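The first chain written gets the first letter, and so on, giving A, B, C and D; residue counts start at 1 in each chain.
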Amino acid sequence: MTEKIVSLAELARSIPDGASIGFGGSFLHRGPFALVRELARRGARDLEVIKASPGYDIDLLARAHAVSRAKTGIVAIEGGFGLAPAYRRAIEDGDLKLEEHSCMTIAAGLRAAAAGVPFAPVAGVFGSDLLELNKWKTVVDPYGTGKETVVVPAIAPDVAVIHANEVDARGNARVYGSPHWDHPLTRAAKRVLVTAERLVSTEHLAQQPELTLVPGFMVEALAIVPRGAWPGSLHPDYEVDYQAVAAYLEPGDEALARHLAGAPEAQAFVRA
Amino acid sequence: MTEKIVSLAELARSIPDGASIGFGGSFLHRGPFALVRELARRGARDLEVIKASPGYDIDLLARAHAVSRAKTGIVAIEGGFGLAPAYRRAIEDGDLKLEEHSCMTIAAGLRAAAAGVPFAPVAGVFGSDLLELNKWKTVVDPYGTGKETVVVPAIAPDVAVIHANEVDARGNARVYGSPHWDHPLTRAAKRVLVTAERLVSTEHLAQQPELTLVPGFMVEALAIVPRGAWPGSLHPDYEVDYQAVAAYLEPGDEALARHLAGAPEAQAFVRA
Amino acid sequence: MPEWRDAEYVVVNLARAIQPNEVVFSGVNSVLPMAACILAKRAYDFPFTYLSVAGGVDVVPERLPRSSTDPALLAGSAAIFSNEDFYDLATRGKLDLIYLGAAQIDAFGRTNVSAIGEWAHPKVRLPGGGGAAVMMPTAPRIALWRTEHSPRTLVEKLEFITAAGNTVVLVTPYAVFERDPAKNERFHLATHRPDVTPAEIAARTGFAFDAARAAPTPTMSKRERAALDAIDAFDLLDNETPKNETLRGA
Amino acid sequence: MPEWRDAEYVVVNLARAIQPNEVVFSGVNSVLPMAACILAKRAYDFPFTYLSVAGGVDVVPERLPRSSTDPALLAGSAAIFSNEDFYDLATRGKLDLIYLGAAQIDAFGRTNVSAIGEWAHPKVRLPGGGGAAVMMPTAPRIALWRTEHSPRTLVEKLEFITAAGNTVVLVTPYAVFERDPAKNERFHLATHRPDVTPAEIAARTGFAFDAARAAPTPTMSKRERAALDAIDAFDLLDNETPKNETLRGA
């Protein structure tokens, strides 16, 4: 078997400028945030972010001028911090082109890509200006109910990156707590990358295979990144580091540099 | 909270004649077979069976003259026993009206019902006579790829019945091993009933909530039925009882009566 | 000191929207509805199912987490109900009551959470509606809340319609508006904070409404008070309410 | 004793269809392909991923279970890959090789697993095609097998087309047929059991085929022999093959 374990830097380098990336997790919870920071460190450009509820991740990439396009449903730092300021500014300044979704419309697009079909129906949406804005099409039920249904196009990100609690050397990835949207995301993407809190044995995972969210054969590469979801939470290991989020939100390039330098994966003993 | 735990007989009585029922499991594995037998015992009539890969269950109901319609993908006793003889005869004699599917077309219909949309796209199918037989419609991708895709109508069974390894008094149901199609099935059905091998505490399930396939609020009623998947397997508790399957397959009403009388749930100490 | 602090008024009246045996959902960025669900579990005797976006079912934490997506909302849950699961539940019409926030709300309970100014060149880019556009038309009952009650937030005409649908109630720090979505009717003022008059509310509301049926909001019950104090021991909720221009001594 | 028993010939030649690094799937009612995957894991040095319909990934049991959906195919698996998951994998084109059985097969690798006689009033109701109709056109490579090699099973015209698509190989107890689905071509005889001639095979095959490129099937390797003996210690596989009308001493 090819060696799948790489460094965080290698993982970030494997994502080319211009790629569309689906990030796992939701808001401040179980996001692959170390990888997000590493993309900023390597000076990534022109990325597209695909995520129903991003926040810290897309904000940091906007601040680092790494993101030019996004498909999102709701964007906020959350946890009492309100809007994502760099993301907001990037859109207001015209630096970030948004395709505004309604969470489930992203998921429906992912489901379509996962199932190998060009579109997926999604309930609701009528009455929303998003319908016209996105030029979404509707299909009249061909089975005679007369019901008109919105269909959204398939969304197949170039890369999906999720942060898992545990992974083995083959890429089998276990997640505790909510999977958020990571299941359809990892099925829809052309490539799947994993960061994980801990390397574990295959035997350990085999004791409860039901908990494996992504089987290893679907995973191209992985990096072991302790506290990889920092400053967000990783259930059940750690909670949100609210002080760190507040410090991140201080304006200016210096605050961003401090934040990147102070991140767990930037400490020498981890990068060794 | 309303008491959800009922007897197997009550559970079977709650399914009216004429109902469409989606059964959990696959072939000889983790099917709610005690409930199937109880439907036969209560003399159910005119049922519709919805299951991608039924076998023993639909065969027994055909033998008991309880089923008049079916949506199936592949039907066999399996495990070396070949075709399901009573099911086969019922169709050949015109007593059972079949809507022949291709497993995933049933799942796509369940997914549509689960998501509250009237139809779902499904890849493939072209070249198969099933397309014309079922008068399935196609939709040309409205997003300009020109790709034509089959769409199937939503399938919402009146009742879903699954057999779980563990359940608590609220109906939270845990399953080990493959969920087969039980996830979309329990989301698509109008009512969800559970039989389970063991009653466990909510605290036990809360230790690993990720393993709960169906949350209790979705479950209307449940029965505790040890060896409820007999003569099939329940991973990891017991394997297929091949001798019992062979005995079931002996022809004649007497063999069926013997089989029903010899089932675990028919033993006095269980029915108490 | 007034009878109700702003956050308290919103939380308790959101909690009062819950009906027995309902399946109730609070989503991302929704601390006040999360508090309402937790309060209702502690203060009311009837059963209901509380689903949180964090994935927990009927989890009632001792204290409020700061994030409404916080894994604290998983503690003790016997099931994880994934994002896909609760969206599907909503869109097939089995999520009875959903809480949704908004920046702007009109008289028909439609919302703008997208942009102030032209969408393509916004003066203010707002967070987005989350699942609102798919949930509002499909779930039977939608409860809205807005912590700033002003003519710029409660408007006659939205700058962008992010979502429209089955809104039945709108709670602000001053008032509870109600409407029947089946009749596609406008909000009427159902109850108002006792220290604020319907006329004062009208002056601060951008859409016209009928106040003929308006009554003072019933006083907080002892159990509601106790539940609120217990879960919000650190007054986190007050962070969720902006400084509304003061009405009376509030 | 002939070099190959019927079941052995089918299993080994199905195993030989697997290419390095492929993701390979064997489904319900598929004991021979299950045996082929297990054999390939033990007899060949290259890596491939074996998904079974039971939900296990790369599980190689010591002995054959009697059912190809048996939970024995979960033992030691680090993941459960659900039915939804492997169907989606197939339909998005990432399941490289899928084994499918059939009652009748035509020269284009299309199958009838539905009915003998008119579909609506069948003389024999067959099991149905399982996922074949969605998998055959979407997965890149389909391997078929049929244990009865006769003019009534390998036919020029199917009574009903259950599934059609990317069939690349057909294995029977006597022969291995191949075709290129991209060219929509008919099967040609690729290899045949050494003790059976192409002419004899033609006499027992309902569709016409080109035998110009046909060669004797390579002998079973020592590792194939050893793997087969180990996993089929109880000769269960022979139950899967009907009594084909005897050709030579087979």
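Everything below uses one rule, namely that a contact is a pair of C-beta atoms (placed from the backbone, for glycine too) under 8 Å apart; a residue touches a chain by one contact, two chains touch by 3 or more.
Being a predicted model, the structure only gives us computed values, none of them experimental.
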Chain pair with more C-beta contacts, B-D versus A-D: B-D
Centre-to-centre distance between chain D and chain A (centres being mean Cα positions), rounded to whole Å: 40
Separation of chain B from chain D, taking each centre as the mean of its C-alpha atoms, in whole Å: 28
Cα-centroid distance, chain A relative to chain B, in whole angstrom: 36
Interchain centroid distance [CA atoms averaged], chain C/chain D, Å: 58
Shared interface positions of chain B, touching two or more other chains: 115-117, 122-123, 177, 210
Residues within chain D bordering two or more other chains: 74, 80, 87, 91-92, 138
Touch-based graph of the chains, sorted into line, ring, star, complete or other: other
Complete list of chain pairs which touch one another: A-B, A-C, A-D, B-C, B-D
In the complex with chain D, residue positions of chain A that touch it: 1, 113-117, 168, 170, 172, 187, 202, 205-206, 209-210, 212, 214-217
Residues of chain C touching chain A in the complex: 28-29, 31, 53-55, 66-72, 74, 80, 82-84, 87, 91-92, 110, 113-114, 119, 121-138, 160-165, 236, 239-240
Contact footprint of chain B on chain A as seen in their complex: 108, 112, 115-123, 137, 139, 141-143, 145, 147, 149, 151, 153, 175-177, 208, 210-211
Touching residues (chain side chain B, partner chain D) in the complex: 26-29, 52-53, 72-76, 78-80, 83-84, 87-88, 91-92, 94, 98, 100-105, 107, 122-130, 133, 177-181, 183-184, 233, 235-236, 239-240, 242
Of chain D, residues touching chain A in the complex: 23, 47, 49, 56-58, 74, 76-81, 85, 87-89, 91-93, 138
